[in-house]
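Going in written order, the chains are labelled A, B, C and D, and every chain counts its residues from 1.
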Amino acid sequence: MNRQGRPTDFVSGEADAGSKTISSHRGLDHEEPLIFELGREGQTGVDLPEAAPFKDRLGALARKTAPGLPGLSEPEAVRHYVRLSQRNASIDASFYPLGSCTMKHNPRLNEKLARLPGFADIHPLQPQKTVQGAFAVMAELSRWLKELTGMPAVTLVPKAGAQGELCGLLAIRAALAARGETRTKVLVPQSAHGTNPATAAAAGFTVEEVKATTDGRVDLAMLRPHLGSDVAAVMLTNPNTCGLFERDIVAIADAVHDAGAYFYCDGANFNAIVGKVKPGALGIDAMHINLHKTFSTPHGGGGPGAGPVVFSERLAAFAPLPLIVHDKQGFRFIEDEDEARAKGAQPFGRMCAFHGQMGMFVRALSYMLSHGVDGLRQVAEDAVLSANYVLASLKDVMSAPYPGPCMHEALFDDEFLKGTGVSTLDFAKALIDDGFHPPTVYFPLVVHGAMLIEPTETESKRTLDEFVRVARALVSEAKAGNTARFKRAPVLAPRRRLDETLAARKPVLRWKREPPKKSPP
Amino acid sequence: MNENLPELKRTVLHALHVGLGAKMVPFAGYEMPVQYPTGILKEHRHARESAGLFDVSHMGQAVLKPAGGDPARALETITPADIAGLSEGQMRYALLLNDKGGVSDDFMAARLPHGKGALYLVVNAATKESDFAAIADETKERATLEPQPDRALLALQGPRAEAVLARHAQGVAELGFMRLGHFIVAGARATVSRSGYTGEDGFEISLDAKDAERVARALLAEPEVLPIGLGARDSLRLEAGLPLYGHDLDESTSPIAAGLGWTIGKRRKLARDFLSADILMAELLEGTGRKRVGLTLLDKTPAREGAEIVDTTGRPVGHVTSGGFSPTLNAPIAMGYVDTELAADGTELGVVVREVQRRAVVTPMPFVPHRYKRSAE
Amino acid sequence: MRYLPLTADDRKAMLEAIGAPSAAALFSDVPHGARAARFDLPPHAGEIEVERALSRLAAANVSAGSGPFFCGAGAYRHHVPASVDHLIQRSEFLTSYTPYQPEIAQGTLQALFEFQSQVAGLTGMEVANASMYDGSTATAEAVLMAHRLTGKRRTVLSGNLHPHYAETVKTIAGLASDIVVAPPQVGREEDLAALIDGETSCVVVQNPDVFGFVRDLAPAARAAHAKGALLIAVVTEAVSFGLVESPGAMGADIVAAEGQSLGNGLSFGGPYVGLFAAREEFIRQMPGRIAGETVDADGRRGFVLTLLAREQHIRREKATSNICTNSGLCALAFSIHLSLLGDAGLRRLASLNHARAVQLVERLSGITGVELATPVFFNEFTLKLPKPAVQVNDALADLGVVAGVRALRLFPREPSLGCHLIVAATELNTDADVEAYGRALEQVLA
Amino acid sequence: MAETRYTKSHEWIHAENGIATIGITQYAVDQLGDIVFVELPKAGKKLAEGGEAAVVESVKAASEVYAPLSGEALEGNAELAGNPALVNADPEGKGWFFRMKLSDEGALKTLMSKDQYTEFVKGL
């Protein structure tokens, strides 16, 4: 029986009287129709010249029915999207302590530089002599990543963290094959993010879960029994999803290697130790780095990300295509497997078209150069300091499953809500009314009713104090039995709780034109 | 107004030239040897058959050092050559352009070995002040230009040059064409490049002025080596089909018409990021209507610069930009610009010398094949 | 440090509140051996220095806008209206994350719902997801989805599928597939029926194909369906949806496409946005994020991420895919551009592209020795040259023309393609560009 | 003779002369919350004891439904496709998942009785 997952609590209730207006807009918060309900046929917001007369070369394959895109003028389209944007929480506008997502400030300098024509307007297949500057960015970013992680090799190719994980495991699979071994199992701790087991399965391995200790970590005693000759790799997140540093990591790495397996580290939380710890010194064989977490590339409402992977010597040769080489003629790609093998590499293949997320490389490098190594170290210290400050300021009224100090995020369970009738979800929704984005809830799964708070280095003490004050007040509200305000929450958001059950039972995944009403004869 | 001639400058080897009995003439503001007692013809043939030593210290040498940026990128703001693409020890012929699509000078640029990106430049004597001023100004954001007035420049040219220089400078024989390196030449620290302007294999040796005479004498002491003056230098470069700035190239000539489109780097052509790019890229595709050609005159009268070139009907079609007698071919040759449709090899033309139209034929350049030591690649 | 709000006093006060003697004490769990002291990296720098450093590297590249430019083969240079970039840089789009709290993420959710509707319309399919990383990874996910739907694993790839896409499928779906790749056939509708058997799960066909050739997918669809296999249609040039018959109308079951052409720049290959559409009955096997319509507690229409149970954070090793996020901001740019265009604008944009390509073909195929290898095309076509494309391309570059992508760069093991050049023309190419290409090619082949 | 038995993975099985009806228990439904989708075995599918027979999805979770005993699937509950909420409404009645032909009815004995199952759930 699978008990895992995020509950929803949908109670259809009285419309909040205060929200009733003639237009149903509420001050600056506008109700906005779908673009399809706004558009008119024939209208367009882009003035393009009429094509000079020409002889069509499509013949029978010309499109017969239009896609059905609404037509709008530019001001209409702009207003539509501005109004939509106003219905989003954002890190620019408010505290966004979404645990394990690392919602830190996104410097606009990064955006400006990524838009330079020399980066934004270069084609992935144009003559390589004409993109030496792009190669130089990739080389410099690689240098930073290798130096910061203390690892000898890196590939920039993966399009996101999840693809980085896949990249790491496919390299491990290739390395095992090169050793003439077939190992089928990947060990993943219970507390791991769901992507880890999903990736292991995608890479053709079977997944075996490893239980966590009572203090939220993995220890050798618990791992050892799993370490057989059929184990290909262990996937460990460090700092882990409970916001804790895996103390035994070096011993674990040794045991993993003794068992002939590889050690994959999920680098999602690298931001907690960047500039302070070189994962290379922890015995790691591969680790992906989410540039959008540690290195401030924007989350963009859910991507695009970028997930470069650093490798140990044991795995370096198995990095995916394309490879980058530098010789007298300057930089160039090796895109063909035979050429790569001739050069002694054993790439496991190609993960995507072209060469990775250039736009993200520029942004991340801009952030690195801005902070420098001293700044990055301070980033880690401030992130950890802020998380511990939140933990220390709340643990007397909320319940923390594990004693501090924590790393970059503070984890609470719902013990403190026992008997109040208020759930973690209710508590999160109440925070919305007070102007905060809720923390990550019901993750990690190993903690009941988890609330994972990650302030990052971006927040001022003032903001943290305000959040603490609100959280403490909400706790006493809950304890005072004022459950109604929680159950109704949020009431001040553009929408109140949404019916996820309806959405899943009767999926409506796209707009459809209303069927024309039959006119009576 | 000032009646007296401007004070002529002298190179550090002036005494040596005089001592060798050279005939000294004014050239580009310098007192330079036009020929030695040997005579221009013999000097010319000697350079082709053995080795000749030229004093080219009057030319402008300088080093462009990084200052907050890459000097190569900085230099590219005033030349269309691919300077950034120069690897350490690599040398390249480059042009300075004006905004009318004309040439304001030509020069040599090389990336110094172990120079932290610094560039070594050699510009023409007559234009060195203006060139240096322009380069310094254009590059000041990222680099500093350090002219080297107290350095001399010797050219050792000819088929025996390698053997001769190898006796005085270990390792020079391995130097490839248009490459440069630091060597000890006859005990003096020098920067030597395998280059020249005669069409022969040879070297150019940049060294401290105080060492120049000693090194020059050491080389002249070699049996294969004779000193060569400006006279032979000009006939040698003419036979080699090499343009001379101020004569075959000037502010009004298009580098495309001059056949120097190759000096514009491929990357630069795509980026169109140099002065007059639009004009020159269009000329590359559409042509300029004019073309620099070589001419062989069919009777013995040499044609001089400025002589009118006419077609067989006597219609003027261009002018000679340099001309003279070719000792190697034992015939008068010239180069000049003509309408493209008359530029094909073998085209019959005329050159007007002293009011008389003389028969000439378009001849592929170089008139005398180059004998550079290109390293295998 | 301009990005760090905490002052020395703040830090001191916070440490006291925590009861820790120093920041170092908070890292006490880190083994001493692992605490790094020395990094061979520079210290922090101001905006001026950073901008100078990166601008210098940018200047070392030749941007596609510098001159006549005709590269395509999976990435296309198109006009992006100014308001697109302005809108996607709004804080609330740029600096928000996956809508885990729908009440305060309606902007992103509604935009995704609109995006899905647009993609479904373009591809002629019933449903679409909220985007994938790019076209190539979307293709690999489509193959895996077909396996889940058919319970079979044999995969037939058209020889005219972009080789990077084929290699990506081999890498990501290879473990779960037996892959058959047909040989490339320039300008022809290869007959795939012979390769499809009862064990075949899916057939992957690109249209317009990697050579720019536009083909009828119906025969491939019939051949696949006859054997209980699915047809996966791949499109790398999204602008073609404006003029070329939709994959859905030609019988595709799943469509995987690259959306870069609309709203997104070239950016040296990424980030791009994968489009993923399918027939409605397949939704529960669809990978990636999906936004759905619902109501809130007050009965007002709202949007949520739905069908979450397919996803890794719930199903873990049984998930339909390991993908967490989509390509949100690129999808938004795509969607805004389409909203600005509308049916009328998209059709006109597509016509401009086709017209430019036709004009270029007419200019170039007149040159002696130059053959058009793809008789039917949209805005990209392949030329067969009388000399090796590597020489011609190089010589053309020397005349300032970036003439296209050598087929041999994409197919290094197909020497027979040595003289083929893949050429794309878009609305951004001018008459002058076309003439420059013509004159340059005449010169080079003269 | 008819009898109903239960499994540790929270399926119930009601068997009557060789033909069994299978569904998930009230406890399972409480754990899953609102059921949104059910995937059922096709008729004729061979089912092995403890093997995956069906999938049930709620908003928050997804879970496999295992065949309590070996046999062959006869039919799935067609109503669930249009109305998965039936499972929440009446899990051990109208909300049944599928019918199967048991290869060994005797094996029923190996499963838990109502009382045993109630005890088992208390222990969770």
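Here, contacts are C-beta pairs under 8 Å (C-beta built on N, C-alpha and C of every residue); 3 or more make two chains touch, one makes a residue touch a chain.
Here the structure is a predicted model, which is why all the values come from computation and not from measurement.
Looking at chain A and chain D, the chains in contact with each of them are C.
The pair of chains sharing the greatest count of C-beta contacts is A-C. Per-chain CA centroids place chain B at a distance of 93 Å from chain D.
Mean C-alpha positions place chain C and chain D at a centre distance of 44 Å. Each chain gets a centre from the mean of its Cα atoms; for chain A and chain C, those two points are 20 Å apart. For the pair chain B and chain C, the distance between mean C-alpha positions equals 52 Å. Among the residues of chain C, those in touch with two or more other chains are 56, 59-60, 62-63, 308-309, 314-315, 318, 397, 402.
Residues of chain B in contact with at least two other chains: 266-267, 270-271. Looking at chain D, residues 36-37, 57-62, 64 sit in touch with two or more other chains.
Taken pair by pair, the chains that touch are A-B, A-C, A-D, B-C, C-D. Every residue of chain B that touches chain A in the complex is listed here, in rising order: 85, 87, 266-267, 270-271.
Within the complex formed with chain D, the chain C residues making contact are 284, 308-310, 314-315, 318. Of all the residues in chain B, the ones that touch chain C in their complex are 69-70, 73, 84, 266-267, 269-273, 281, 284-286.
Of all the residues in chain A, the ones that touch chain D in their complex are 1-8, 500-501, 504-505. The touching residues of chain D, counted against chain C in their complex, run 36-37, 39, 57-62, 64.
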